[in-house]
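Both of the next two complexes hold subunit A, though its partner changes from subunit B to subunit C.
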Partner chain A sequence: MRYIIGALVMMAVMFTVNVAFAATAEPGEYLDRRVEIWNLFFRMMVVAITIGAVVSGTIIWLIWRFRESHPNAKPTKYEGTDW
Partner chain B sequence: MQNQPNMRGLIGSMSDEHSSWPEWVYIGVVVALLCWVGAEAWNVERLVEHVPEDAEIIKVVGQQWFWTFEHEDGTKEVGELHLETGKAYKFEITSTDVNHSFNIHDYVVLLDAVPGRINTVWFSPTEAGEYDIQCREYCGLIHYNMRGKLYVEDPS
Partner chain C sequence: MVLELHKPRPIWQIMFSTHHTDVGLLYLIMSLGFLFLGGALALAIRAELFFPGSQIIADSMTFNRMFTVHGTTLIFLFILPSASAVGNYFVPIMVRYKDMAYPKLNAIAFWMIPPGGALIWLGFADFTWYATPPYSIISAPGPAADMWIFGLKILGVSSILGAINFVVTIMKCKHPDMSLGQVPLLAWSFLSSSLIILVALPTFAAALLMLLTDRLGVSGFFNPAMGGDPIAYAHLFWFTFHPEVYVLVIPAIGMMYEIIPRFSRKPIFSHASGLAAFIILAIVGFSSWAHHMYATGMSFTEKTVFMVGTLAAVPASAMHVFNFLATMWGGRIRFSTPMMWAVGGIALFFSAGAGGVVNSAMPLDFVTHDSYWVVGHFHLFVMGTIAFGTIGYVYYMFPYVTGRMYHEVLGKIHFVLAMIGTVMVFFTQHVLGLYGMPRRIYDYPPIPEWIAMNQIATVGAMLIGISMAIWLGNMIYSSAKGPEANMEDPFGLGGRYYYPHTQKNPHH
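What follows is the complex of A and B.
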């Protein structure tokens, strides 16, 4: 629960900082929607690819580590019996 | 038969030995990422949709199969649009017949032109040059050629 609260607080602070900085644009200077939209796209792609790598890496490690033939494999209570 | 596990005992023994903190970390990370992604997208949308007060309004009308533009001073253009760098322009987009979609690809401007409705989008051209305007909603036989030209010039 502490992790969730901590993460949420961090998100809230980051977001507030973002909004505060965005509000200080000079008058007459217009934002470039190309930059904003493409930057958002690239940030989202970084997030997506990072999550994909972590999730698939975890699954691959899990399958490798907990295979029956792994040297450190230990049968659970419900394995290695004749039931 | 003596060794056959009792399901309740099995679940009980599993939960006794089971640590749940990785699950909580996982849930926390997922929730944090979702919050961050949502906040970023919401913030960018807010910034991009905030129309500057001094933006010049240009009425854009789509019809099969060409674009008409009307400047604030009443000047009309058909199939081409002349703008200046360093200024903000707000497009008020509608259609007289079927759905179209107004797109200036190089400036990431894309919005539907819908009969009976005015949709707005704004942008500010930064570089002088010629850019394509294109309909992005299939609108009939000659949709493929419902094109226009955007001429961006430096202020005189």
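What follows is the complex of A and C.
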């Protein structure tokens, strides 16, 4: 999963880098680097916040579901042993 | 002074002992002392920034001195020694050896820290924990700057001696029946961080000598007026101190590897993946130092290499996070104080890492470089991950060290206040950086958004300060008057307390 995310991040970054380089290769093209950078920032923040929401949600659910006071909590098979 | 319930001893016996638990106790007490000193400076800095203009600190030079000593103290005199405290206590026990490999060297490594700390605090240098050249070599006032350099030199030697001891203890003194792969992950964290220290730190040791000779005027390595280059110092510094970030964070993750299975009442999900992640982090930590220097005129190729090198740490860090989550899955988790700190540390570790990934993209780095974003990102690691893991482990080892139990409710209040405070300070600082506020400034223009966010951060810092005062009171009171701990199972988890308390303080 993380490799896929890493690859997506790299693709987003390389896209912007390519655009920035294209500006020097084609002097007639107008490019607002500030806009490009902020676009990249917003794209990466969407990725980061999406992943963050999934992981944070998982942590919160784990805390709620597997707390020892949960009605469905059962002793693990390791309890009482020298694991 | 009595910290052990059953075998009270005078303090001098502990001070002049070379036994690993005694040296560990000395490390622990000293590092916590420096935590409160460095934390007090942080509160003063935040109070100063509550409003624009001068508030409680007389001038910008004093402000610079305060954040220089704050950073230096908390990195070199709190985080590193507190990790050494845990390592000294538990690494020999985990590898089933009677002590550290070189007990006297161990005590020497500890006793180098007080003079190093004294030099830093008595000098009170003003050139940031980075010792920014060429300012540090041309006009930083002495003897403060020279005392800082000598202080860091001593602390560096201490770190190297400690690292040698950990490596030899784990590699050569582990029980013959125990393979290296069977060594617990906490001990593995000390092995990998010690190996990083041995490779990385000599570079900074050389840079410090060059800095000193530059200051004395006999060389000009980093002095542009003499043909030198301050950027060369940046390379030498970050070659040591980016890997050093992993030296700081890896033991804290190792501590979480002890706490989370114990309180989830099941073994760690994957010992092998945790071990592999430590090794990967120790290696890729050396491939990312120049991401601190994108703004110094590096070529596009260099920047790309270091960006990819930085992102290489992401999978290994994610392996740790998923290992923790998978361990908790299916457990019966008791949220005692150590577990709350560990889980909070995981959440903030992930947040800090996400910010780091964004920051390592070179176009974005130009936006955030030298802004409060960097302050927020870095502190989310050192406070949110490293200090959280360490504090959780101090609670965890409290019965082992003292034979008594701390006050559980106060421990939980400590955690809740610190968690809220940490989010208020360091998440806000990320946004503050995006609004353009530079780091390391004494005063700022009265921009309404800057004022509001600085005030949120300052209130958060005060919450952390209050929580730490509660902790200090809890530790002191409980170590003297707390209820006697059930040493077989102090946290009531139904298993055994991992560490055989009968090994405590055998005559050495």
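We take it that the second predicted complex is superposed on the first by the 52 of 83 C-alpha atoms of A that agree within 3 Å, B and C clash if a C-alpha of one lies under 4 Å from a C-alpha of the other, contacts with A are read in each partner's own complex, and residues count from 1 in each chain.
Going forward, a contact is a pair of C-beta atoms (placed from the backbone, for glycine too) under 8 Å apart; a residue touches a chain by one contact, two chains touch by 3 or more.
Please read all numbers here as calculations on a predicted model, not as lab measurements.
S.K.: Under the stated touch criterion, which partner chain does A:L31 make contact with: subunit B (first), subunit C (second), both, or neither?
M.R.: first
S.K.: Classify the contacts of A:M44 with the two partner chains as first (subunit B alone), second (subunit C alone), both, or neither.
M.R.: The answer is both, since A:M44 touches subunit B and subunit C.
S.K.: Between subunit B and subunit C, whom does A:V13 touch in the aligned arrangement: first, second, both, or neither?
M.R.: second
S.K.: Answer with first, second, both or neither: which of subunit B and subunit C does A:Y3 touch in the superposed model?
M.R.: Both: A:Y3 reaches subunit B and subunit C.
S.K.: Regarding the shared-chain residue A:S56, is it in contact with subunit B (first), subunit C (second), both, or neither?
M.R.: The answer is second: A:S56 touches subunit C but not subunit B.
S.K.: Is A:P75 contacted by the first partner subunit B, the second partner subunit C, both or neither?
M.R.: A:P75 contacts subunit C only, not subunit B.
S.K.: Could you say whether A:W64 touches subunit B, subunit C, both of them, or neither, answering first, second, both or neither?
M.R.: Neither: A:W64 stays clear of subunit B and subunit C.
S.K.: Where on subunit A do the contacts from subunit B and from subunit C line up?
M.R.: Comparing the two interfaces on subunit A, one with subunit B and one with subunit C, the shared residues are 1, 3, 6, 10, 36-38, 40, 44, 51, 77-78, 81-83.
S.K.: Show which residues of subunit A lie in contact with subunit C when the two form their complex.
M.R.: 1-3, 5-6, 9-10, 13, 16-17, 20, 36-38, 40-41, 44-45, 48, 51-52, 55-56, 58-59, 62-63, 66-68, 73-83
S.K.: Report the residues of subunit A in contact with subunit B in the complex, numbered from low to high.
M.R.: The touching residues are 1, 3-4, 6-8, 10-11, 14-15, 18-19, 22, 28, 30-34, 36-40, 43-44, 47, 51, 77-78, 81-83.
S.K.: In the complex of these two chains, what residues of subunit B are touching subunit A?
M.R.: 3-5, 10, 13, 24-25, 27-29, 31-33, 35-37, 39-41, 43-44, 47-48, 52, 54, 88, 106-109, 123-124, 126
S.K.: With touch defined as at the start, can you tell me which subunit C residues reach subunit A in the complex?
M.R.: 264-267, 304, 307-308, 311, 314-315, 318, 321, 325, 328-335, 343, 346-347, 350-351, 354-355, 357-358, 361-364, 366-367, 493-496
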